[in-house]
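Just dropping this structure here.
We call the chains A, B, C, D and E, going by the order they appear; numbering starts again at 1 in every chain.
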Amino acid sequence: MTPTVKAILANYESDNPGVKANLYRMLMQGRLGGTGKMIILPVDQGFEHGPARSFAINPAAYDPHYHYQLAIDAGLSAYAAPLGMLEAGADSFAGQIPTILKVNSSNSWATGINQAVTGGVDDALRLGCAAIGFTIYPGADDVFDMMEEIRELAAEAKSVGIATVIWSYPRGGKLSKDGELALDVGAYAAHMAALLGAHIIKVKLPSDHIEQKDAKKAYAEFDGSTQAKRVAHVVKACFDGRRIVVFSGGAAKGADAVYQDARDIRDGGGNGSIIGRNTFQRPRDEALAMLDKLVDIYQGAE
Amino acid sequence: MTPTVKAILANYESDNPGVKANLYRMLMQGRLGGTGKMIILPVDQGFEHGPARSFAINPAAYDPHYHYQLAIDAGLSAYAAPLGMLEAGADSFAGQIPTILKVNSSNSWATGINQAVTGGVDDALRLGCAAIGFTIYPGADDVFDMMEEIRELAAEAKSVGIATVIWSYPRGGKLSKDGELALDVGAYAAHMAALLGAHIIKVKLPSDHIEQKDAKKAYAEFDGSTQAKRVAHVVKACFDGRRIVVFSGGAAKGADAVYQDARDIRDGGGNGSIIGRNTFQRPRDEALAMLDKLVDIYQGAE
Amino acid sequence: MTPTVKAILANYESDNPGVKANLYRMLMQGRLGGTGKMIILPVDQGFEHGPARSFAINPAAYDPHYHYQLAIDAGLSAYAAPLGMLEAGADSFAGQIPTILKVNSSNSWATGINQAVTGGVDDALRLGCAAIGFTIYPGADDVFDMMEEIRELAAEAKSVGIATVIWSYPRGGKLSKDGELALDVGAYAAHMAALLGAHIIKVKLPSDHIEQKDAKKAYAEFDGSTQAKRVAHVVKACFDGRRIVVFSGGAAKGADAVYQDARDIRDGGGNGSIIGRNTFQRPRDEALAMLDKLVDIYQGAE
Amino acid sequence: MTPTVKAILANYESDNPGVKANLYRMLMQGRLGGTGKMIILPVDQGFEHGPARSFAINPAAYDPHYHYQLAIDAGLSAYAAPLGMLEAGADSFAGQIPTILKVNSSNSWATGINQAVTGGVDDALRLGCAAIGFTIYPGADDVFDMMEEIRELAAEAKSVGIATVIWSYPRGGKLSKDGELALDVGAYAAHMAALLGAHIIKVKLPSDHIEQKDAKKAYAEFDGSTQAKRVAHVVKACFDGRRIVVFSGGAAKGADAVYQDARDIRDGGGNGSIIGRNTFQRPRDEALAMLDKLVDIYQGAE
Amino acid sequence: MTPTVKAILANYESDNPGVKANLYRMLMQGRLGGTGKMIILPVDQGFEHGPARSFAINPAAYDPHYHYQLAIDAGLSAYAAPLGMLEAGADSFAGQIPTILKVNSSNSWATGINQAVTGGVDDALRLGCAAIGFTIYPGADDVFDMMEEIRELAAEAKSVGIATVIWSYPRGGKLSKDGELALDVGAYAAHMAALLGAHIIKVKLPSDHIEQKDAKKAYAEFDGSTQAKRVAHVVKACFDGRRIVVFSGGAAKGADAVYQDARDIRDGGGNGSIIGRNTFQRPRDEALAMLDKLVDIYQGAE
């Protein structure tokens, strides 16, 4: 164990050795192992957008094994997916890459702002997962129900040595569309995930918009002019850096934008990227090249 | 065990020997045993349409024993029905045909798009069933509740060695009537069933309509001009063929149409048919003849 | 055990000896014991209509003991009532008459079409009951909830050797007032009770009205001109006679009408009557005389 | 044990010795011990109306000990109160007076016609209570939920030897304001409490109004001209006197009215009074004098 | 143990030694240890208002350790916070300061008047907490649900020796904005918390407004002209002083106002302050100085 990882694990003061071992597995895995940085491959697009919109552009990705292998070959930190996707490769790749079972899911036809609980801690245990992943929608009418679901799942997971990752995506209710990506909103959403007991917090990269009237004063003197500074603010909102924070890449976009995002995350003190469509929707060689460069960036080489 | 069945079972990487043994029972049963193809007889029409609409045309079918015997005599792979129907022949036909307990059901008078949970894993165990069957209505307002129900039932079933079959029927919400049978919608619905951890996925044969605006681009270059190609797409959406997919026959129709459907399912790489009204609403002799020919088709003989 | 009862019990293929023993108790009890016919005394009118409307006309019936004694003295098959009614005589009449605990109840002031669960299998066990009784309202908005309640109660009851009686009363939703008693609706309702796993099904005597447009074709050639023929159709809808079906007498009416109903039930192959207000709202002597005659009818003497 | 108490206990045919012992404790307690009559002190006004409206008029009553002591000094049968009130004196007065834990409660600001469950059988056991108390609002939209709550609580209580008292207060839905106190409504409400398995039923003294159209015929020849006759009717509605029925005093009023109520309850065969505001909102001396006289009345001395 | 603390603990008549030991820990902790007075530091502002509005003014407070250390260095009685905040320092500060796990939380974007349950008794046990904290909103549509949640949590907490603190904040429903702080409303809210079985009750300092028409008579002769007298009334409403009552400081305000509040709480017989924003939103030195003075006030020195 490197001193960096040791320092990170020391922040998880209340966790049992089982949870710490699973955080360790993710932090020591792959090419970023030991650096305190992480790149996670999430493949829940099939639920969110359906199979064709997710995989037709790169048909090899219809096969669940493809994603396991991509994460392993790219030397990533972990692979996150819903139940069926993990089940379909759980034995072939057992032990080769830490997995995160995404235990709730939405889809393109949802008529409310919520998700279905589609996996459990029992599933995570039998599949050998390192963590469960759960999305909350702060701002939505149903967010209290979602919080109560993750409270119960996280307590159960912690009791059996499984780590908890919370995707915190503000949406609905009083929030404007721009507000979903606002800096104050993103920092608040990340903070709520931390308060809920998440070990790893996943949020979107925030814009420099300030959404909440009541928060404007608190940001009056804040310099959010660069993305790195905004990342640093989100990290601060996660217990002053005592929790691992990773940022999502969003829709597929140009490679340079992806690299710049990673540099900003790194420079702002974020722990890494959770990057899905930008990899599995590219041909495998391109994806591996992109991930190679992202690893370099997080290693400080670029 | 044939190599074909062995290869299919190998795809169920996370399942315990109990579940695999029940999948094996269905795959090795009857005249298609060992081929990797299946024909399942489902008799839940009594719930869906009532007894007279289901059985008056062939009154012998009022008797639950009729259906067990039909499935056995036709050499089918399994027989699926709600609780009472299975209970009424559970002892007489014990072991002679794998059974699937349909654990949720709707009816003609339903005022919402949902089903009642009318059976449980405990029932499946005491009746010696090989699997539970469950319907979800992707698109409906209540689909998250339905998904949470099958998530719990499937986890319990897997823990005691019972397989899970999901009927995935898009309906309600934002979907148009045509959209319920659209290719993109059907593939998405099948994919969601796979993500929910189904061992066997049952969907309707899709039309060549594309329903979702956001999906049109993904299908721009897709050739869906034949039913076999559309079947192949749905199979691909089920983890690139790592899950068994069977297609339903729909309302009673001409025998030739039924045969053509089966040829398309076979040619598209589907695993078979789940065919109810087209058999039990015909006289027994005609039904046996039709099933005989379907078996031949799946064996590649026609 | 008579061959008739033996044949009836043989239809309950999935039930354990405990459930069969309780069905046996009811089928061998009283003056119709061994004939395969039953007369059940139900006294849930206190919940449905209140005490005065139920008992003021025959004040002795305010006393719960009155009904136990009436059922015993008339040589009936079983006595069905809500929790408090059974508790109040459970010791005095222990073993003298099989009892059915009605585990859900409505009342005259209900603002929705549903019932409250007011008893449980644990209550049935401690009171020595042979069965639980439960009402469903097929057609009502809440019927899925009711079905899920009886599914759980029935599974628990079966596991501890208690039989299940389902009162299936179509009501609400898309059904017209006439439709509640329609032949197609009644047969469908009875069939749903059978599918839910009921051992004994209680429905109302159907009229010759056909309610559902979609069902008209199925009844096009059906001769429903006599009540006996309509009874026979309902019996057929209950797994071709593999389930015990009893018919309710409805509101208090002339004795001759009650007798004719019984003859029609008998001639149509129904298993008997569940008759409440027509007995306990008459003076005891008249009620005993009426029940005596009903027994004679079911014995084929009249 | 007196023959009167023995006769009352004999009516609780289904109860275990634990429940009977707790009924015995209340029936043998205090100055009415052995007479079959009871006076219960209920102090849930703090929940219903708030502390100042309840206790400012007699500030000593702010102290929970005051009520325990009042019940003991007046020689009453039992003391009923919500969780916190009982906890605050549970040790000081342990064993000196049977207590009834009121396990649901409403308040003046409630926006629906329902109550919160604020105590449990586990609480009753640890506080040494003789019974739990629960309010239902027959007529209200939520009454099925309330009935299901008390069904579960009562079953649990009975299994551990705790008695059940049901406050049955018609309210809401189709009932008019006058109807809440109507004779037919009160008798119906009392009967429903009995059917739910209550050992002790608490209702309000009924007026001579008949609320339900459908019930008018049943009351056509009933003489409800005196309060004693109306009490007798309610008692008859409670299984012909097989259940203990006590009547509430309502808002604080003149002492003579309170005494006359008690005489009517006694003459009508009711088991006693549950009297709160009329005692603890008077100075202690006056309250003791009033209770003294009420005891005399129930003993037949006045 | 001082006689004062002994007298306070004696009021908790129904509690087991585990709960009493935890109350003892808080009452004997820090500079007010033994006096019967308490100052509690609550830091749930991150949930309520977000991180920037809470901590930007004093950035050191982003770090959860800051608050533990502040509470310890100021010699306070306890530190209260949501799950993640406590987890982040649970090991570093184990045993140094009693902690209260806030087990429900709202946020600025809530679309209903309710909170999410975000912690449990199991969490409190594994984190070594002395108590759980829970907010109810008397008056709100959802308050019955909230009451049922705390009833279950409190029962569980009591069974394992954890104390219960209830934040009782009237809000919603029939209450006006002014009414939320009204004297009658505040006393009623405090009383309800006591009835729910709280060991420690937290309310806001009440104004002299009387909100409820029905309560005006009860307050007709009450002298609520000073804040101390109003505090005394709230204390009286909490079982005549048999429960610990602490008052919240509200939004950050001038130091003199804070001191005056504390004097009024002290003079009215309240048990102390729960003071958050007024401390952690000031620089640490100022906060320590303020807390030092507050301690002096509660010790009677100022």
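One rule holds for everything that comes next: a contact is a pair of C-beta atoms (placed from the backbone, for glycine too) under 8 Å apart; a residue touches a chain by one contact, two chains touch by 3 or more.
Predicted model only: the values in this text are computed from it and were never measured.
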| item | value |
| --- | --- |
| If a chain touches chain A and chain D alike, it appears here | E |
| Graph distance between chain A and chain E, where chains that touch are linked | 1 |
| Magnitude of the superposing rotation for chain B and chain D (Cα, nearest 5°) | 145 |
| Whole-Å gap separating chain B and chain E, where each centre is the average of the chain's CA atoms | 58 |
| Centre-of-Cα separation between chain B and chain A, whole angstrom | 36 |
| Residues of chain D touching chain E in the complex | 46-47, 49-53, 56-57, 59, 62-64, 82-92, 105, 107-112, 114-120, 122-123, 126-127 |
| Touching residues on chain C, where the partner in the complex is chain B | 11-15, 138-141, 143-145, 147-148, 151-152, 155, 159, 170, 173-175, 184, 187-188, 191-192, 194-198, 212, 214-215, 217-219, 222, 233, 236-237, 239-240, 242-243 |
